[in-house]
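Look for chain A in each of the two complexes below; its partner is chain B in the first and chain C in the second.
Coming up: the complex of A and B.
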C-alpha cells in the first residue's frame, strides 16, 4: 500500500516537473522568437524576405553570410568593435575602481558632491556634446581611429561603471578593511587583495553593461568613424540600408545577430552575478 | 607582550562625545575587559588602541613609545572582530596566512605557524574551506587563529563571542582564556556581557557614556561597586536598588526598614542589596511585600516581590528580586517577607549615585 502511494507520488512529481519545463520552454521560445526570427531572415534568400505573402517553410540560404564576409570588410568591423569595446571597458575599470574605492571608503569634504557630479555627466543628452567632441578629436588627430572610439565609449560609460562598483563597495563591511589594516596591509594592498575580490560580481556586472552600451553606441561612432578603417558593427549595419542595392534585410539581420550573440553568451555565462549586481545597484542607488 | 598606557584619552565627533578622559594602565600580559552597555565608548577606546580611530585628545603609549601617530598596520596589534571579518575570497589557510605575508614573515615559516595556530584553536581539519562554508563557531576560531598566528604584542577582541549561541560561547570563553594564558599576550577585550567580563578578566573596566565608572578585579567590581551604575550593571539579576531615607543608622522606604547600618551618613540614600543576599523569612524581616512572580530554574527559584507603602498589596510598589531556595513556591499576591544580609548591604548617594562608605 505504502509502496503504491510512493509510486503515485513519484509519478505526480514527474508530471509536475514535465509541466513546469513545458511552461518554461514555451516562455523561453516566446522571448527568443524575435531573435530566432532575425536569424531566420539572415539565413534566407533576399527575394524570399521581401515577398508580401507569408512563407511558412522558408528555404535556407547562406547568401547573406557570404555577402557580409566577402563583399564587405565585416571581419575588420568586427575586429574594430571588439578592440574598441574591450579597450574602453579596460579604461573604465582602471579609472572606475580606484574612484569607486575613494568615493565609498574615504571621508573627505565634497565626497558626495563629487559622486553626484560623476553620475550627472550621464544625464546630459549626447547630441549636445557631439560637435565639440568631433572638433576635439579632429584637433587631436584621432578622427577615424579605434583609439578615439575606445576613449569615447570609456567616457560615456565611466560614470555608471563607477557608480555600480561604488554601490558594491558600500556593501562591504568596514570590519574587513579594519582587519586587513591591523593585519599589516596598506591601502593599495587592501584594494587589490580584499576589496576587488569582494566586489568582483559588481565589476563583472558593470563591465558587461558597459560592453552592451558600447556595442549599441551609434551616434559618436558615426561621427568619429568616417571610413571603414574605424567602422564598428553598429555603423556597418547602416551601410546595408543605402546604396544602389536598397535595404539588404538579410545582411542586416545577420550582422545584428552576430553583434547580439557574444553579449548574449557572456550574459548567459555570468547571469548569476549579473542579476544580483543589477538588483544591488538598483537598491543602493 | 606589551604594556599599554592611556593618558587622558578623549574622542569627540563635533559636539558628540565618544570617550571622555580615559586614564588606564594595562600591565604586560594582563587580560583587561572593557564592560558596558552599547554606546558607552568601549569599542571606540579599543579602536583607538588599534589605531583605527585617532584620539581627539590624550596619549596612547605602548611599551613607552607614543603611538598616536603610528599607523594601525605598524602597531603590531591583532584584532578579532564581532563579525569575524574573515576575507571571504580566501580559504581559512589563506586567511591565517594573510598577516604573515603582510608582516614579511619568511615564507618557509608560514606553513608551520599556520598549522600551529589552527591546532591551538582546533581548526586543523578546515584549513582548505572558505569562510562561507564554516559554522559561526568555526569562523570565530578562524578569526582567532588569524590573530594569534604571528604572536602580536597586543590582542584586541571586540565582542568576539556575541554572535554565538550560549553553549558555544561558554566553550570559546574557556578557549580564549586558555590561549591568552598560554601565549601570555596582553589582551584587551570588549563586551557588554558581564559573565564574559567576570570569567575572563584580570581586571574589568566598567564604562558608561564614554567615561570609566570603575576599574577593578572581577571580585572588586562585584563586591565593592563604586556607584549605582556598576552595582546595577553587574549581577544577574542585578542588585536591588531602593531609594529611601537614612537617619540614625536606620534606613526606611515604603515596605522597607533596615536598622543598625554603619556609617555617619544621613538623608536621602539608595540602599543596594543583591538578590542572593536576601532571604525569605517569616518574621524579623527588613522588607515586606507581595509576590509578583515566581520562576523556578531547577537549582534555585527567582522570586519577584512588589513592595508597597508598608502594607502588602499596596499598588505601584518597587520590584525586588530575591534568589530563593530551589523548593520555594508561593501564590501570586501572597504576602512575603525578606531579610537582608546586612554585612552585604550597600549605601549610595541618591543624587550622584556614588557609593557611601
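Coming up: the complex of A and C.
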C-alpha cells in the first residue's frame, strides 16, 4: 500500500516528499505574494498607499476603478491596445503561414539560411533599431498612430510566429500530402485544405504568444505613441503619474490586474502547447 | 529575392495563377521552382524593412552629428567618442553583470523546481501557479516593485519587523541593492519561462532508461545528473539563449524603477541608447552605440544561436 502511494506521487528512492512540497510551496508563495499585494494596492484608497508606515490591512475602496474610467480615457487606451494587437496578429499570420509552409515542406537552395535570417531578427534588441524606426515612422507620418504600433508589433513577433508554425508543420506526415497530390491537388490547395487544419493548435499557440508579447511591448510604444491618442495600456500605465499627485499606484495595479485576467484564461486554455511555443518549437511539449 | 535565374515571363502572374483550387498539372517548371521563394518572400521582405533598413540607416547616421539641425558628417568621431565613454562601457558592464546574475539564478531555480515538479501528480497545478508572474505587464510589475522597495518601503519595514535590520535601508542610494531589485523583479517574472520549458523536457524523456538506472540501484540525484541533465542540455541552451536575449534588452524595469541610477550603476545598454537618443537628442551618437550592439548581436547569433537551434532540433 505504502509502495503504491509512493509510486503514484512520483516519489523517488531517497527523496523526501516534505522537502519537495516545502520547495514547491515556497516558490508558489513567492509567486503569489506580489500578486496579492497588487490586488490590495488596486483596491485601497490613495491615502493608504504611501504612508510613513506601510499599511498591511487597508480599507476597501473603489477609488481606482472610478479614476481609471472617469479621469482617464481608459476606454480609448483599451481600444488602441486591442486594435493594435489584433491587427498585428493578423499581419503575422498572413505572412507567417505561407513562409512556414515554404520552410517546412519544400526543399530548395538557401532555405536554411532564409529560415535562420527570420529567426535571427528575434535577437535584435529593440533599442538598436529604435532610433531608425522612430525616424522611419516620422517620415511616413505614422507617429502617434495605432497603425505604426500594429506594424511594429507584427515585425517583432513575426520571427517566432513563423518558427512555431514551421515546427508544427514539420510534424505532419509526408504521406498525407502525397495522397492529396496524387489526387491532383496543387500546393496552395494542400496548404489550405490539409496543412492549415492540421496545424491549427500551433497557429493558435503562436497567436496567443504574439498577443502576450504585444501587450507587454514597452520601448517602441513609448517612442511611437507620444500622445494619449495612441497610448496602449502598457504605456498608459507608465504615464499614470499625475504631476503633483505622484505616481497613481492604485490605478496602475488595478489596470494591470484587469489586463492579467483575460490573458491568464487564454494561456490556461493553451497550457499544453505553451512550452513548445515559448521555445519556437525547439521543445516538443 | 533569390528567384531562379531562368525564370521567364510565366513568373509574373503567379499570384493569380496560384489561387487555391486550381490544379497545377500543366504548370511550367520555373513556376514550380519559384513557388517556395514566393511563399517566403513577403515575410522576409517585411523583416528586412525592420532590420536591414534600420541597419543601413543607423550606420549612416552614426557617421553624422545629428542634433536638431541638418546632419553634419563627422567621420568616425562618434565611434572615437564611444571608445572613451565611461558611461557606454559602464552600461555594457552593467548589462552583463545584471543579466548574468539574473540568468544563472533563474536557470538554477527553474531546474530545481522542474526537477521536483515533473513527476508530481499536481504538476499541472504547479505550472499554472508558477506561470502567473509571467502574465503581468512588465511595466506594471516594475511599478509594483518600485512601490514595495522604494516608495512605500514595505520590504524595509518587513525586514525591520522580522528583526533582520534595525534601521531603514536606502535601496535607492546603493548600486548593488538597486541592481538587486532589478534582478529580483526579473527572476520573479521570468523563472516560470524556464520552468515550463524544463518541465516539458523532463516529461518528454524516456522513462524506461530512468527505470533501468533505478533498478541498477542508482540514486535519484545520480539519475538526474547523469541521465536527465545531459538529455536536456540542448533544450536548456535554447531556453537560456532566448532568456538571455530578453535580459540583455531589459528596458522597462530600468526606465521605471531605477532610471539607471544611482551613479549610472544600473544603466543597461538599452537605457543608454534611449537616454542618448531620446533624452539628449544626440541621435548620431546613439546610432553609433546601436551599430556596435548590432555588430555584437550578429557575431553572437552566428557563433552561438545558429548552432544551438540546429542541435536542439535534431
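One rule holds in what follows: the second predicted complex is superposed on the first by the 229 of 285 C-alpha atoms of A that agree within 3 Å, B and C clash if a C-alpha of one lies under 4 Å from a C-alpha of the other, contacts with A are read in each partner's own complex, and residues count from 1 in each chain.
We adopt the following convention: a contact is a pair of C-beta atoms (placed from the backbone, for glycine too) under 8 Å apart; a residue touches a chain by one contact, two chains touch by 3 or more.
This is a predicted model, so every value here is computed, not measured.
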- Task: Go through the superposed model and pick first if A:62 touches only chain B, second if only chain C, both, or neither.
- Result: neither
- Message: Quick check on the superposed pair: does A:103 touch chain B, chain C, both, or neither? Answer first, second, both or neither.
- Response: second
- Query: In the superposed arrangement, does A:198 touch chain B (first), chain C (second), both or neither?
  - Reply: first
- Query: Does the superposition put A:179 against chain B (first), chain C (second), both, or neither?
  - Reply: first
- Query: After lining up the shared chain so the two structures overlap, which partner does A:34 touch, if you call chain B first and chain C second: first, second, both or neither?
  - Reply: second
- Task: Applying the touch criterion given at the start, work out whether A:189 contacts chain B, chain C, both or neither, answering first, second, both or neither.
- Result: both
- Item | chain A residues touched by each partner, larger count belonging to chain B or chain C | C
- Residues on chain A in contact with chain B in one complex and with chain C in the other? 184-186, 189, 193
- In their complex, what parts of chain A are in touch with chain B? 173, 175-176, 178-186, 189, 193-194, 197-198, 200
- Note on the structure: chain A partner, complex, touching residues on chain C are 2, 18-25, 27, 33, 35-37, 39-40, 42-44, 46-47, 49-51, 53-55, 57-58, 61, 109, 112-113, 116-121, 124, 126-133, 135-141, 143-148, 151-154, 157, 188, 192-193, 196-197, 199-201, 203-204, 214, 219-220, 223, 234-235, 238-239, 242, 245, 248-249, 251-252, 255-256, 269-271, 273-274, 277-278, 283, 286-287, 290, 293-294, 297-298, 300-301, 305-306, 309, 312-313
- What does chain A use to touch chain C in their complex? 8-15, 20, 23-24, 27-28, 30-32, 34-35, 37-38, 41, 49-51, 53-54, 94-96, 98-99, 101-103, 106, 108-111, 114, 116-136, 152, 154-155, 158-159, 162, 184-189, 191-193, 212, 215-216, 218-219, 222-223, 233-235, 237-238, 247, 249, 252-253, 255-256, 259-260, 263-264, 267-268, 271, 274-276, 278-285
- Note on the structure: Counting only contacts in the complex, chain B reaches chain A at residues 47, 50-52, 71-75, 77-79, 81-83, 85-89, 98-99, 102-103, 146, 156
